[in-house]
Amino acid sequence: MLERTSKDPTETAGVQPARHVPFRGAGFTPAASRWAGWLALAAVLVVWQLVGGLALVNPLFLPTPAMIMRALYRLAASGALWQHVSASFVRIVAGWALGTASGIAVGFAIGLWRIARSIGITFVSALFPIPKIAVLPLLILWLGIGEQPKIATIALGVFFSTTISVYSGVDAVPRNLIRMAQSFDVPFPTIVRKVIWPGALPSILAGFRITASVALMLVVSAEMIGAETGIGTFVLQAGNLMQTDQLMAGILVLSLFGLAVGRLISLLEARLLHWR
Amino acid sequence: MDLIAQGISHRFDRLEVLDDVSFTVAAGEVVAIVGPSGCGKSTLLSILGGLLQPSAGQALLRGAPPPGCLNPLTFVFQDFALLPWASVAENVAFPLLHTSLSVAQRTAVVDDVLQRTGLSDFRAVYPKQLSGGMRQRVGLARALAVRPAMLLMDEPLSALDSQTRELLMEDFVDLLADGTLGAVYVTHNLEEAVRLADRIVVLSRRPGRIRKIVNVASPRHSRGDAATRAQLLELQNELWVLIRDEAIDAEREVQHA
Amino acid sequence: AARADETKLRIGVLRLSSSAPVFIALDKGYFRDAGLDVELKFFDAAQPIAVATATGDVDVGVTAFTAGLYNLAGKGALKIIGGMSRDRPGFPLIGYFASNKAYESGLKTPKDIAGKRVAMTQVGSSFHYSVGLLAEKYGFKLADVKIVPLQSMSNMAAAIKGETVDAALMPVSAARKLMDEGAIKHLGWVGDETPWQVSGVFAGPKTLANAASVSKLLASLQRAEREYHDVVLASVKDGTAAIDDRTKPLLDIVGKYTNLPVDQVVGNCAYIDPDGKLDVKNIDSQIKWLQAQGFADPGYDAAAIIAKDYVKPD
Amino acid sequence: MLERTSKDPTETAGVQPARHVPFRGAGFTPAASRWAGWLALAAVLVVWQLVGGLALVNPLFLPTPAMIMRALYRLAASGALWQHVSASFVRIVAGWALGTASGIAVGFAIGLWRIARSIGITFVSALFPIPKIAVLPLLILWLGIGEQPKIATIALGVFFSTTISVYSGVDAVPRNLIRMAQSFDVPFPTIVRKVIWPGALPSILAGFRITASVALMLVVSAEMIGAETGIGTFVLQAGNLMQTDQLMAGILVLSLFGLAVGRLISLLEARLLHWR
Amino acid sequence: MDLIAQGISHRFDRLEVLDDVSFTVAAGEVVAIVGPSGCGKSTLLSILGGLLQPSAGQALLRGAPPPGCLNPLTFVFQDFALLPWASVAENVAFPLLHTSLSVAQRTAVVDDVLQRTGLSDFRAVYPKQLSGGMRQRVGLARALAVRPAMLLMDEPLSALDSQTRELLMEDFVDLLADGTLGAVYVTHNLEEAVRLADRIVVLSRRPGRIRKIVNVASPRHSRGDAATRAQLLELQNELWVLIRDEAIDAEREVQHA
């Protein structure tokens, strides 16, 4: 019954005029090209420098990139940069770790138990929208003006975001995997460790991305509380003294810090979520 | 070990899903459950496997499971339910982690079932790297690792393309051939039902009631013969005629939010 | 080295010359002589010192009176134990300044401030009170002045330079550079217009419980105040202190703690009472004024927040 | 060939002792119960009031709920509350609208075109992590102290979040729908309007949820710049004046505002995304 | 209007997917394309429909499309590709929006195809409320609304359960019965291929080459007869033997990230 057809399409194609099938699948594949971004960045910097260099704009209003780099260099050479960055770094890490640990604990409780969910969600949704900067005076009253209120500010901001991303993550663990584990009589703690934890991890790591930027935002607010060093203090001080070149140098450091953390989280994702 | 459905009814809130379903699956017997979409087949299987408590009636076991059995009623899922973050070997070992088996015993069991399911070369591979058919083989290996008395299979082939389905069905026939392993096999596919089952339970539309229980007379190993196949095709047709109208109704049902 | 019997005290201060006696007492060892081991904690605004005193982060605070301070005191979180600087004729401390444009269009004297946009750090601050006094003095309504709170000196500097406000109240230390640049016009000094008690010494309940060390503290402060008054303030002419053999050592100390060269220190020497007296009547009227504006909680007066055992009323 | 089996399971069930299939599907369905949350909230308020009422804590450090409500009542009765809320509301709406409109435009450009993507993503990822509060002095320098810098602060914060959620949304539009449209020769603008826009809408609305809270956070920071009214000003002032009861009343207003906006977005989602 | 694949080859970066594929689909003819997973069937169909440009060779059209045709080559997708935010009627009207049809004409066309596909009662319903079978009927209605000369169908039934598939296949047979509509029908399922196609193009494993082009001799309308069905079963078996080994290889392939 199988028989090779002898019709050769190219042979018969000549009989009548044939035209191309029109192509209509173009576009909608916007992959980023690395160098275009860098090129644009470079172009902007050059124009900016030129505008400043030709004194078209008062350098107080817009210091040139060269001035900013010089300010940054002076800061680094004096050793102050390192001091500021490390002071802020300690605060960020401490606050972030505290907020993340408690957020993960509460997030898991909300994700796993009915009572915890009812209570937890009520409080989280009531307290989450409160701007942390508004709570600063209370934190100072409660915790004084040492490192605690600074760390608490960061921890508080991180806590709520983490809680939300953790319980969303737990909710997003496919129910069929949990049913599978139950069908093998796997005990509750093992299900939590071996199914729910890895299943919620993508969402938790995505949450880290957010909380890292929250921590960075809040370190500046936190260092409004009588800090003597810290990159936030430095920026606030430069702002107070209208040293716009130093201010921008500080902002640059913050931005680089943010980019570095983002990169770190990407690496973490690539390592921990290689199975995706 | 026999599995008995005794007057099982179930409702989700207002929705009546199952109505007084009773049948017995003897040890080593393969019973297929067919019926239109949404008639409660998956619900029934969950109840039989102890994952859901029925509104009325009960699922019962009679007789002892075979020696060495770690999980008498073991599911094989339509969507495979593999842990995506675990390798093939880790997935197969997963139901053994909390048992009393030593690490060496566990490794031995995993090696054995991987070999039986032709997965030995894929130990370290992650699910996303595998085709659907291979994933379901991992699901099957995992089920076999706990030495079940009875497999509860919920449309195990319906997520696969037809060529893969054909290949896996051959595997299933081999697996169930010697009659030591019983199975409840839920499917939409009448061809699968007549190829694999000793008996076929036909459910009505929701709420699912038993419309008919059909014996498949020809012994399973002879179902490859041309004559038997023609016979089976006929049975398949009869079943199709039986459920076609209900299948059409089920398909045209609109879900209201 | 600290002696075992020395009482440790942490004092919160600003790096401003209005705290000069504190710097002198520390640098010249007057605290040590009295058996106190004093450690200075520097702040960048007055308000946090009051809060830190209330929370126990420092034992004693020396800074300007603010509505926040009074409210903390009103709830029993701290008490005033002495006076410090005052605005007084002849001693430049806080000035009224106008933007060039506003000056051109007629804002030439402090009383012209009525109806203008005036920048300050915060509502309820000492600057705000100064404007209130001005309103009282010249009989215009405070409500006619448009108060623009900008939180920080820098914001104020930017605002007045950019002429988005007409006037600002600034301490001389912050305004000097702008004045020299010609970016702003000086209208007058608060001390000349409306003298008042600007800052004081205060302590939290825990410190107050230790009467001995409070007395020692005040005694050693007064020693420095007397010296500062008799040496430095006595030499002030046209708002500037003389630099000579007697004043130089003290001015050096002030310069060291305020991070200013001596030639700038001499230009902003705040008046300080030689006996550490507190103008209690003025404090009471400050509180009344703040309560009337809604910046201070109702229900207390000066008597309630002053530690009578220590304060010498003026 | 069809024959009904006569075996009755109940009949044969008596032969050997039968036992129940063990139930193992419990747990992992943490639906929230509404009243438990409210109950917990009420309990916390009562305990709080008692602690304060028994003078266990200085009311300066923790004003009781009754004091907070009284402060709020006074504020409302004097008409100041309405003034503050409406001033902030105008700023939030203006800043949010500006940031959202530009964010949507840029987000779509990044989602649709390769060059825009390369350049846009570079700048967004470099500028996004900068805490807006650090930029305040620059905004004042550039825009003065009127309403513009306040609105700009909010707009800036909203812009970056919106951009990111919009282009993620465009990226998440199923490619098969776009291919389908192309296969019918649907022109580019129609694809954008009829496929990409509604497809990206869930992500855009989810972004609104974030930007609403960003706007709320930033209104407090923004009102640090010479505002006379506004709920942020009120909170800052109460903090400065150490009037903790008023501070908490202000925080309560902010929290309620946040909850109201969240509710509004939920309604919007229910209306616009009813097809999900 | 004929559709001609002329020496089509394609590669994605380094991956060779198609190698010199040539065949012609005459107007009104139904050609099935079968082959193991990943052999390039979908890629080939995309190239034929102008959604992808081949690395070499070309897709050609010969002859004029029938009058009134708005989109000569029209796809029907495996995943239906319905706009989830549009009702059934809106989905069907979607490809007409940018055409020159007036609103009234558009409504008339939509009404007509909804009726032909048995969807008239479902105009206002959203896709999520429909069963898979009904969704694919919407996909079909949408395709018919533009009066295509040729349908390009990429496994249109493989996302459906077997009962629904059976029901839709009956619809397809009816639809293609009168020979006015041509189709390229990509499938894994040999039963579908032999039931629907005039010719079956069998592709090899990746890179897909034509292994065989098989004519299905029996006319389509008679394929329900018992005798013809037996014959078709035989053809199906022959095809299975032809591709079974490659299907096994394709299934066991591991994807490397």
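As written, the chain order gives the labels A, B, C, D and E, with residue 1 at the start of each chain.
Assume a contact is a pair of C-beta atoms (placed from the backbone, for glycine too) under 8 Å apart; a residue touches a chain by one contact, two chains touch by 3 or more.
Quick caveat: nothing in here was measured; it's all calculated off a predicted structure.
Among the remaining chains, those touching chain B and also chain D are A, E. Looking at which two chains touch through the most C-beta pairs, you get A-D. Distance between Cα centroids is largest for the pairing of chain E with C.
With each centre defined as the average position of its C-alpha atoms, the distance from chain A to chain B rounds to 45 Å.
Averaged C-alpha coordinates put the centre of chain B at 31 Å from the centre of chain E.
Work out the mean CA point of chain A and of chain D, and you get 17 Å between them.
Chain C and chain E have Cα centroids lying 86 Å from one another. Listed for chain D are residues 24-25, 60, 137, 141, 179, 182-183, 185, 236, 240, 242, 274, each touching two or more other chains. In chain E, the positions touching at least two other chains are 46, 49-51, 73, 128, 257. Listed for chain C are residues 51, 54, 154-155, 158, each touching two or more other chains. All chain pairs in contact, by the document's touch criterion: A-B, A-C, A-D, A-E, B-D, B-E, C-D, D-E.
Every residue of chain A that touches chain B in the complex is listed here, in rising order: 174, 176-177, 179-187, 190, 194-195, 198-199, 201, 273-276. Chain D makes touch with chain B in their complex at residues 1-5, 7-10, 12-13, 15-25, 274.
Of all the residues in chain B, the ones that touch chain E in their complex are 36-37, 122, 125, 128-131, 133-134, 155, 158, 161-164, 166-167, 187-191, 230, 233, 240, 243-244, 247-248, 250-257. Those residues of chain D lying in contact with chain C across their complex are 58-60, 137, 140-141, 144-146, 224-228, 233, 236-237, 240-243. The touching residues of chain E, counted against chain A in their complex, run 3-7, 22-24, 46, 48-53, 58-63, 73, 199, 212-215, 217, 231, 234-235, 238-239, 242, 257.
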